[in-house]
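In what comes next, chain A is part of two complexes: it sits with chain B in the first one and with chain C in the second one.
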Partner chain A sequence: MLRREAVMTWLVVLAGFFGAWSLMAATLPVPAYFLPPPTAVVSAFGELVRKGILPTYVAESLRRILTAAVLGLVVGVPAGLLLGMSRRVADFFYPLLNFFQSVSGIAWLPLFLVWFGFSERTILVAVNYTLLFPVIFNAMLGVRSVPPLYVNALRTLGASRWRIVRDVVLPGALPSIATGLRLGLAYGWRALIAAEMLVGANGLGFMIFSAQSFHLTARIMLGMSLIGGLWLVLDYFLLRPLEEATIARWGLIQR
Partner chain B sequence: MPAKIVLAGLGHEYVNPFTRERVLALDGLDLDVAQGEFLTVVGPSGCGKSTLLGILAGLLRPTRGAVLVDGRPVKGPGPDRGVVFQEFAILPWRTVERNIAHGLEIQRVDRSERAATVRRFVELVGLKGFETKYPHELSGGMKQRVAVARTLAANPEVMLMDEPFAAVDAQTRITLQEELNTIAQATGKTILFVTHNVEEAVFLGDRCCVLSRRPGRVKTLVPIDIPRARRTWTLFTSDPAFSRIKDHVLRLVREEV
Partner chain C sequence: MKAGARGALPFAVLIAVWWLVTRLGFVQPIFLPPPGDVIRVATELASDGSLWIDIAASLGRVFLGIVAGVPLAVGLGVLVALNRRLAPVVEPIVGFFNALSGIAWLPLAITWFGLGWTSVTFIMFNTIFFLVFFNTLVGVRAVPRIFEQAVLTMGGSRRDVIWEVLIPGALPSVVTGIRMSIGFGWRALIAAEMIATSTGLGFLIYNGANFLQSDTILVGIIVIGVLWLLTDRLLLRPLERRTIERWGLVSIT
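Right, the complex of A and B next:
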């Protein structure tokens, strides 16, 4: 939680930022489209909401990233856990997953365009791919990071394999799983904007890229603010509560 | 009295993962532990004390020899042998009471009986009021109480303890030792307790087993004929038998260093 002084500091910083921006927009000898004032961004927001464009685009972008997140949770986490169970399998997959994690979906886009064309499918494949690999990779690392001592303790209590997975491996891997989801969502969000720029017919990426052709600078700035702002909201309402309820409570991370 | 545990010609060799050297930890170790006996094991560092305990727990497979509990060979870990580890192996994501209940959950003991048993052992190890705390909120001594209570609650016939009090402060250690003595007396369990602390070994044991330097085998078994009721630190240290036995064991260990 932000403390009261932190909130005050932020209000001052933001007021200064918007003040300086307004001043520069009013005084610099450049055309209005080059640096529109904050008020232009606000009115662009009003206009796009009235026309119904913005709600649709935001909903489309969120739908894509959240679908990918669900897939990552349902497919990526179990896959990573499974790979992590065996030392040999994990050792084999480690460089492979690490490699594909670093070749982001954006780098794949040219190839996806050849394969799937300028279609919704290209966007979805790029986003799902980008989100999935960090999730699998970190879930796998999470399993490897569970102290063998805990596993041994459960074995001496007579626990079955399945119970060890449920009571030790899964909760023990959770900090790493949370990291994977966080990274996956962050990378996926970037890949989504890039993919929408290239192939979209809607979405925030499409909105800011197409606005460029018409010098609708205020619309670009609005889109950028929303990309960052929506991420903060996703992070704050989706990922933080998950961490608070589990690993923070168990003392596995310090805040 | 029949032997609860029989170790015969026990040998264990493993490859050190860092140096890749073959290490012969135990060689030709013979030992009988009687039903209800409290046997402490001391020896120079690296003599295979922990290896011995790991084999009895079923976590390690000996490369030679026989391990029998109640006449049956040990094939793996089992709830008949409870282990208390040195590094408080309790789970950070479970509260005190859920950690203590873990063995009972695994044994599918029903909820009300489980709660009653947990309550009994929470009181026995002095953790009343801390039931819903998580391990990171506890001191080292309290964590080890949780581990001891978890093992006791699962009601194993044999308790294997691997330097359980080595990582707690001196004052807490004294309290825990006296408590363990009371518990041993009350439950009559067969206990094998590994330590590098000779005083502790003499204070707790019915017999003290001194191991030789690596490869470990039994050097001497020292009987400690001091009644359990007299085993509080104030009474015990004033007993002339205590310092005599302690010096004797210390000398035996020193010969191996």
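Right, the complex of A and C next:
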């Protein structure tokens, strides 16, 4: 009963949204390229898929962000864990990492342009930079947040250093690591779009930016919905479950 | 005092390494100028006033985005959240726009408003609006109904419920939203300024890249980082902490 009501509300709201959009596109006294109707977006989708442009661009953008994500996992997490192992080292790196995390990769982009020119490498460095710092920073904080009591308890029981890392430090840091990955990917995805706009020769950011010069507004809107949609898919099906699972499974209960 | 000194030490080490690397000629000054050059350019830019204009332009856009975006987003968020049928449907839609907000709107903004001031400020506004809207909606919906019913039972009106229960209950979520959205918005703003305008810190550094002025770029990067850290430390984080302490819901067990 409730389900049907919810579906009805959904239908009404969606119909209202697309109806209002179509109506505004048809009646507003602005040039057609200001607000193309939803149908134009759909046909732009069909056209770009047929030409094979869209699959390539989506694949390029995804490849870049996933490369950065893997690098974050393989390099960022261990680096953060290592830095967090010693309180002194962590104290030393905390302000540095915090600073570099606050300067987004996009602000470094001009410097990367001087270093690497308008190239693929500039995009990758900017995205990796943006993603890596929150990951390292949060992994480090995660290790530091493990109460020393647990470490001492294991040590008293005669556990080796490796056992302590495996059974206490790593599980204790996991929720923070998951948060860092999610934050890093959120910033990284946006930095990727911006970098593709400024540097790119392909990718979704380049697609919406170049479409602007030709007033292909339907193409911009299509790109925007894909950028938002892809992120939601990534967030809902991968990052959020990961975060929730780690917190539910390994989250430290205070007190 | 001691904490300050400990915080400064890592930066001193970093600058020393930077100085050494450039001094020993490992990298060409065009790629990484020595710290001295950066300080010189910073004082030049500060004394001819252009740095202050760029800082004022960027901060002004942030301010406008907050002033226009926050009240609108909180108002709409509360209104939508009050409707128990509408709210669960609107939530994922706002979530979608939230995921999309920021730099991805720039091409559309340029189409609508042209290159310049309006487009860039729109990016800032947009980022703040959708995130705060989303967090208000989620915040109001997360207030346990028992508080609402308690007020109603004691003879409170719907107005009392909104002002005394729902809005205070949602405040921690709203303030977290404001803090996060300014973080996302600040990054998006810098990117937008590179593309669509000729003032602001984003323009300063992008223009520096056009003339291969690494020193100017580094001045801009440092200013961007320091400004964000100061805003976050001195303004946003204390605000968030205080709101959560004052109005955060203590879980009832």
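Going forward, the second predicted complex is superposed on the first by the 231 of 255 C-alpha atoms of A that agree within 3 Å, B and C clash if a C-alpha of one lies under 4 Å from a C-alpha of the other, contacts with A are read in each partner's own complex, and residues count from 1 in each chain.
Just so it is clear, contacts are C-beta pairs under 8 Å (C-beta built on N, C-alpha and C of every residue); 3 or more make two chains touch, one makes a residue touch a chain.
As the structure is a prediction and not an experimental result, all values here were calculated from the model.
With both structures placed on the common chain, the touch criterion links A:Ile208 to chain C but leaves chain B unconnected.
Once the two structures are overlaid, the count of chain A residues touched is higher for C than for its counterpart among chain B and chain C. After overlaying the two complexes on the shared chain, residue contacts for A:Ala191 are found with chain C alone; chain B is out of touch. In the superposition on chain A, A:Arg163 makes contact with chain B only, while chain C stays out of contact range.
When the two structures are aligned on the shared chain, A:Val143 is found in touch with neither chain B nor chain C. Of the two partner chains placed by the overlay, neither chain B nor chain C lies in contact with A:Ala126. Only residues 149-150, 152-160, 163, 167-168, 171-172, 174, 246, 249-252 of chain A touch chain B when the two sit together in their complex. Here chain C touches chain A in the complex through residues 6-7, 9-11, 14, 30-31, 85-86, 88-90, 93, 95-97, 99-100, 102-108, 110-112, 184, 186-188, 190-191, 194-195, 202, 205-206, 208-209, 212, 214, 217-218, 220-221, 224-225, 228-229, 232, going by the rule given at the top. Touching chain A in their complex are the following residues of chain B: 57-59, 76-79, 81-83, 85, 87, 89-93, 102-103, 106-107, 134-137, 150, 154. Residue ranges of chain A in contact with chain C, taken from their complex: 5-6, 9-10, 13, 17, 33-34, 91-96, 98-100, 102-104, 106-111, 113-115, 187, 190-191, 193-194, 197-198, 205, 208-209, 211-212, 215, 217, 220-221, 223-225, 227-229, 231-232, 235.
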